[in-house]
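What follows is a single structure, written as structure tokens, with notes after it.
A, B, C, D and E are the chain letters, set down in written order, and residue numbers restart from 1 in every chain.
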Amino acid sequence: MPTLVLEAILLLALIIITMAVIFNRDLLIVIITYCAFSFIAMFLYIVMGAPDVAFTEAVIGVISTIYFIITLKKIDRRCK
Amino acid sequence: MMNIFAIELRPLYAILVPFIAAGLVYVLGEHINRNAREAITIVAAILMIIIVYSMLPHVLAGEEIKIRLFSIVRGISFSIGVDPAGMLFACVASTLWLPTSIYSIGYMRGNNEKNQTGYYAAFAVCLTATMGICFATNLVTFFMFFEILTVATYPLVTHHRDDEGKKSGRKYLAYTLISGQIFFAGMVVVYVVSGSLDFVPGGYITEKMLPEPWALLVFFMLVGAGIVKAGVMPLHSWLPAAMVAPTPVSALLHAVAVVKAGAFCTLRVVLYIFGPTLAKSCHGANILAGMAVATILISSLIAMNKDNLKERLAFSTIGQLSYIILGICILTPLSTAGALYHIVAHAFMKITLFMVAGAIYVTTHKKNISEMLGIGKRMPVTMGAFACTSFALAGFPVFAGFVSKANIIMGAISQGKIFFAATLVASALLAIVYLMPVVSISFRKNNIHPEFAEKGEAAPAMLIPLIFTALIAIILGIAPNAGLHLFDLALMAGNSIFQPLM
Amino acid sequence: MTGIEQFLADKGIYFLTFFLLSLGIYGIITCKNYMKKLIGMNIMQVSAIIFFLSLGQKKGATIPVLLEGLTNSDAYNNPLTHALMLTAIVVSLGTTGVGLALLTRIKEKFGSVEEEEIIRRQDKL
Amino acid sequence: MMRKVIGILLIVLGLGYVFVSFDFLPAIGDSSAPAHKHVSDYYIENALKDTNSPNLVTAVLADYRGFDTLLETTVMFSAGVCVVMILGSKSPLRKRYLVPKEILKGKPYGGIPAYKTVNKDVMTTLIEILILLYAIYVLLHGEVGPGGGFQAGALIALAYIVNVMVAPDIKPLFKFTKINAVAAAGIGVFIYAFTGLLTMFAGGAFLEYGKLPFPIPENDLHPVGIMMIETGVAIGVMATIITILIAIIERVRFDDDRN
Amino acid sequence: MQHFPALVVILPLCGAALSLALTKIHIHLGRNVIFLSLAASFCMSIMQLRNVVLNGPMEYRFGGYALPYSIEFRIDAVGGVVVSMVALMGLITAFYCISGEVRTDKIKVGGAYSVVALFVAGMLGTASSADAFNMYVFLEITALAAYCLIALGGNRGMIAAFRYLLVGTIAATFYLMGVGILYAVTGTLNLQDMSVIIHQGGKDEAVLVALCLLIAGLGVKSALFPFHGWQPSAHTHEERGSAALIAGVMVKIPVFMLFRYIYFVFGMDYKYMKQVLIILGVFVGIGMMYGSIRAMGQTNMKKLLAYSSITQTSYFMLGIVIGAPVALAGSLLHFIGDAFIKGGLFYCAGAIKYKFGTININNFGMIYKKMPVTATLIVSGALSMIGIPPTVGFFSKWYIAIGAIQTGKYIFLVLLIISSLLNAVYFFKLIEKVFMENDKEMEDIRPVKKGELPWSMLIPMTICIAVIFLLGFFNVPLINIVLPLFEGVGL
């Protein structure tokens, strides 16, 4: 499986996840999808041969997801 | 450095004196009592007269006085200098500042107007700007003082903080700022095209610098600011609107500072930048002359049916100013000398008429001519001065008006422009038509207004300057070179411009 | 396979990265909820990171940590882009933190995080 | 719904046209692209010689472009300060826009989340210690393998988050108030900047580790320098993440009332 | 002596970092440390400027490595002037913020000043850095501090800050993409090196795409005409103390960056540069008209100033679009002058709000009687905006007009005249309201024992008045410093 094709597939996965984020109604689902997005992005960085960046992306993805969830506590989950 | 009283530095002192006076008045105005504040203005006026008169002999002797202070813009320096035309205007402005300030003290106290400190400070700044305009020797310095004059007269025009004052202030600003910015554009074009902006008697722009269509456009861009300030017909409507200001202000505006600055700007542009040859070849001068003629005739007609005395005087100023512009546009030495001398004559005549109008308003609170039946009985001296100056204005032989008008007519005839000479004569008659009714009403004998029965002259602080300027108007008529040799100055300026062409 | 790979190498990956960027911006503009706008912003910044990293790739190169045998520069990926992208990730975390703080205060003050309600209540205050 | 799909299709078409007509970027894989030729091959060849740290990314990050990382930490610090300033004053209750009661009626109150499967208090202490150990390893191992200041700082912050979020009632490992956290972030940044100033006073340019005034031999001054700035970065990042966490949590009590 | 370029930026940074820790010790210790660092950085920037003028541009390489391999600060005549102006404005604004201090809460005091110090450090770095990615990080610091300062301006400020956060990040990502493409095509991040490689030619399309992205990114950051959506609401609701810094200086730094990119990296002989400048010219033309027209109808003074600052940014861009060296010098003079004019007018708005609590123009009663210094600053700022000679506004217009005519672009001269007249309309409306209106008897919220305002507000105002007139009279030395730099650049 040559790297470039793998990268293309992962990029397509990212695009699908962004579509999900844009069209979804419930905020909690959107945040969980965003966590998945950052996870797949970390994968993409590893495939591209950048371990440092992947490490940082993983940690910072988790932290920003936690921040989103805390703020979600204050904001009700319904949205247009 | 040359010693402190060297001749070159004196024009700079002449500009700084009123500026320092304005600063003092504005800062100390509230804290010291009224008389001390007025004293500052008077002392400054006297000081300025001394400085200006001390320069006169040097100018008459034909010395070239010029000083380049510091470069205000890359390539052009802030340079001040004296030449005959500038000296003439400076003499008029400085001499008239003293009587006007004494008169305004009397007027302000009589009418007990509010915020007088602002008034006196703005008055002094206007004089600074006028002095700057007289002594500027390149267009950038000239434009700088020109704009300061615009901004400084704005608080004077809107002195009464009421709605009408604001409206006329807006109109005044609209006209002057727009023409100022267009002047700025024209100035930049001239700088880029010709490389220098110094005033050279006889002009320095040649045909190849500005090809045919552009020359006319730039000519009217530069002259526009002068025309607006001088109140030539299509752009004059701010002048009657500025009548809402107190009388000493309109006296200053219409006799000494703003209006004359406009005429002076036209003179500088037409004769010192464009020069007679280019002005004639791009036939800008002919169009301007046509506008001036139209203004003279129309303004005299309007002045006839104006009941308010100040309105009538305003329209007569518009007419008289167009004499000067007409004189400039005839492009002959005689007519230029006549135009320059008319600046002097008209200044003294018009300021007297306005002072009379102010005196009447303060003592009898009458504004319209129809209410002044037999006022001569009550204020014989004021109305006597009014009568003399109105004769002078109409151009009677023994008075100052006649001298300048005669020169312009001679210049026109020498150029073979009979039409202009005819308009000048016709305007003299028109002047009689709109001034004599005022004199006849005030000196009539039967059914005088009961109020004017007993004698009740105006306050001395207003009367003395009134008489002083009326007398000067008469003296200048009899002996044009009396005292300050003003007529020689005018002739010198005229010849210096046309000398290279002879 | 090499035909597709060649296409991907020249245009494909770049096209997908710029598409992800424009999707992020599209998300910011169209989503009405402020929280979703913030997530869209994060996605946009991740797409910028992907673009830089794809620039720094070399065919058959290992991760940019020096090994004994290998010394020629074609054997390692471009370390400069990785160093720059560490900064970009940290910047995106900072911006998200500030955005969420603003979100909390807006929710507290205006009662909702939807754009129309905020605009409606904004004029009342 | 349809409008959004059309929007996205428009984007696809637009980008497709741009990419078809323009061919401006070099192909991804080839190692002869200009991006690799000019500067980055210098880094690869003499990173070991200049900074003797085999991890090229840390070499570039901390040594060649060290100033960027200082600015990066400042970005984190300024984000932390901004969050503290914005969420500083708790606005009085009457000024806040309270959601009318009848809207809230519809939402059932789910009670405190109970994870019955495993005893979370025991687990948290175990996990925390593991995370901290790993963080120290990552920090000290920065030059050799992937890792470094940011990752270590973030990991320590993660340990704190695990403690606060999963088991709020047991005594946390280290207690941070908001002012202390922000002050710590400031000190982290200052440590970094101070190393730079140190080299400057000792005669070199800003952040030139060769000129550090310590008495150790010249060629391993660089690792010392890198280690100093890595600790500075770790402290800065850790403190800022914790500040933002505390600030947001303060305004949103975790087991908060309904609002 | 050669450490100045770095120290000018590092000192405010360290001051900001330490201020919160020091505030724990004593509430005013942090604040004083920040004043010290800002004052020191201002003095150093002046000495640095003197050094640059005397013996040529200064370069400073971080980490001591050879040029293209490390980050580099490059201060030439133009950069030196801009840096010292930003340092002066930062120092004055820090003084001005004393009046807005909340003495109760320690974090609030230390934090407020550290945010201002970070803001100034960010702008100083952006103006003096010569490395593309380094500029991006400095832009981020400036932007983050700006979000916080706008958000501190009250509840409406929150929404303005959030909107600016989103738009600012989009702009920063565009800028990052532009830098990425430039790196992909040239291989270096150093501007000097990059321009050498670009001039070797052969990469026109990629450079065109990068240029468009840069213009989009920096245009949004500096509220150039089509991207100015966020600016009016942001300037209206931002924190009273630092409004002058945001509106006066921050909006202009990206335009300065764009100027350096267009002239020193891409160069005028670049193939597509003519078309790009024409498009920019269209934006600038519309922007000048739009800003003034929108500003006419405003009654809120800050909104009026916000719209007028769109016009001023377009003035600065005008110089770049015209391209003649004299026009560039004129637009730089305008950049420096306008920072003090716009900053000064925002100081006045803040002072009136501080004293009377209102910034609605209609109830500016006898302001000139009660607050003479503020009234003088409003008048001198207005006169300078319109371009009345003794003030700096006239001279920058003079140079730009000369440049316009020399390159035969008369349309810009006409635009210049029209927009300065439009300025005149709403500024004289403001002057009329300040001087002519009868008293509205607004009660004095914070009475001050002597004088109209606390000294911490009066000093910045008097400095602004002084600079407006001094720059006016002594603009020639400034132009002589700057012009030789532009010689090789013009069309």
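For this structure, a couple of remarks:
The rule is short, and it goes like this: a contact is a pair of C-beta atoms (placed from the backbone, for glycine too) under 8 Å apart; a residue touches a chain by one contact, two chains touch by 3 or more.
Remember, it's a predicted structure, so these values are computed and weren't measured experimentally.
Using the contact threshold fixed earlier, the set of chains in contact with both chain C and chain D is A, E. When the partners of chain C are compared with those of chain E, the chains appearing in both lists are D. The chain pair with more C-beta contacts between its two chains, of D-E and A-C, is D-E. When chain centres are defined as mean Cα coordinates, B lies farthest from chain D.
Here the chain at the heart of the structure, going by C-alpha means, is E.
For chain E, the chain whose average C-alpha position is most distant is B. For the pair chain A and chain C, the distance between mean C-alpha positions equals 10 Å.
The distance from the centre of chain A to the centre of chain E, each centre being the mean of the chain's C-alpha atoms, comes to 37 Å.
Centre-to-centre spacing of chain B and chain C amounts to 71 Å, using the average Cα coordinate of each chain.
Centre-to-centre separation between chain A and chain D, using Cα means, comes to 17 Å.
Among all residues of chain E, those that touch two or more other chains are 133, 137, 140, 144, 147-148, 151, 158, 183-184, 189.
In chain D, the residues that touch at least two other chains are 4, 8, 23, 25, 28-29, 33, 35-36, 39-40, 43, 55, 57, 65, 68, 71-72, 75, 78-79, 82, 86, 146, 148, 150, 241, 244, 248, 251-252. Listed for chain B are no residues, as none touches two or more other chains.
The complete set of chain-chain contacts reads A-C, A-D, B-E, C-D, C-E, D-E.
Within the complex formed with chain A, the residues of chain D that make contact are 1, 4, 8, 28-29, 55, 57-58, 107, 146-148, 150-151, 154-155, 157-158, 161, 165, 241, 244-245, 248-249, 251-252, 254, 256, 259.
Interface of chain E with chain B (complex): residues 326, 329, 383, 386-390, 394-395, 397-399, 401-402, 405-406, 413-414, 416-417, 420-421, 424, 428, 432, 435-436, 438, 473, 475-476, 479-480, 483. Contact residues of chain A toward chain D in the complex are 4, 19, 22-23, 50-52, 55-56, 59-60, 62-63, 66-67, 70-71, 73-74, 76. Residues of chain D that touch chain C in their complex: 4, 7-8, 11-12, 14-16, 18-20, 23, 25, 27-31, 33, 35-36, 39-41, 43-45, 47-48, 54-57, 59-61, 65, 68-69, 71-72, 75-76, 78-80, 82-83, 86-87, 91, 95-99, 144-146, 148, 150, 237, 240-241, 244, 247-248, 251-252.
Looking at the complex, you find that chain E touches chain D at residues 3, 6-7, 10, 13-14, 16-21, 24, 60-65, 68-71, 105-108, 111-112, 114-115, 118, 121, 125, 133-134, 137-138, 140-141, 144-145, 147-148, 151-152, 158, 181, 183-189, 193, 197, 203, 205-206, 209.
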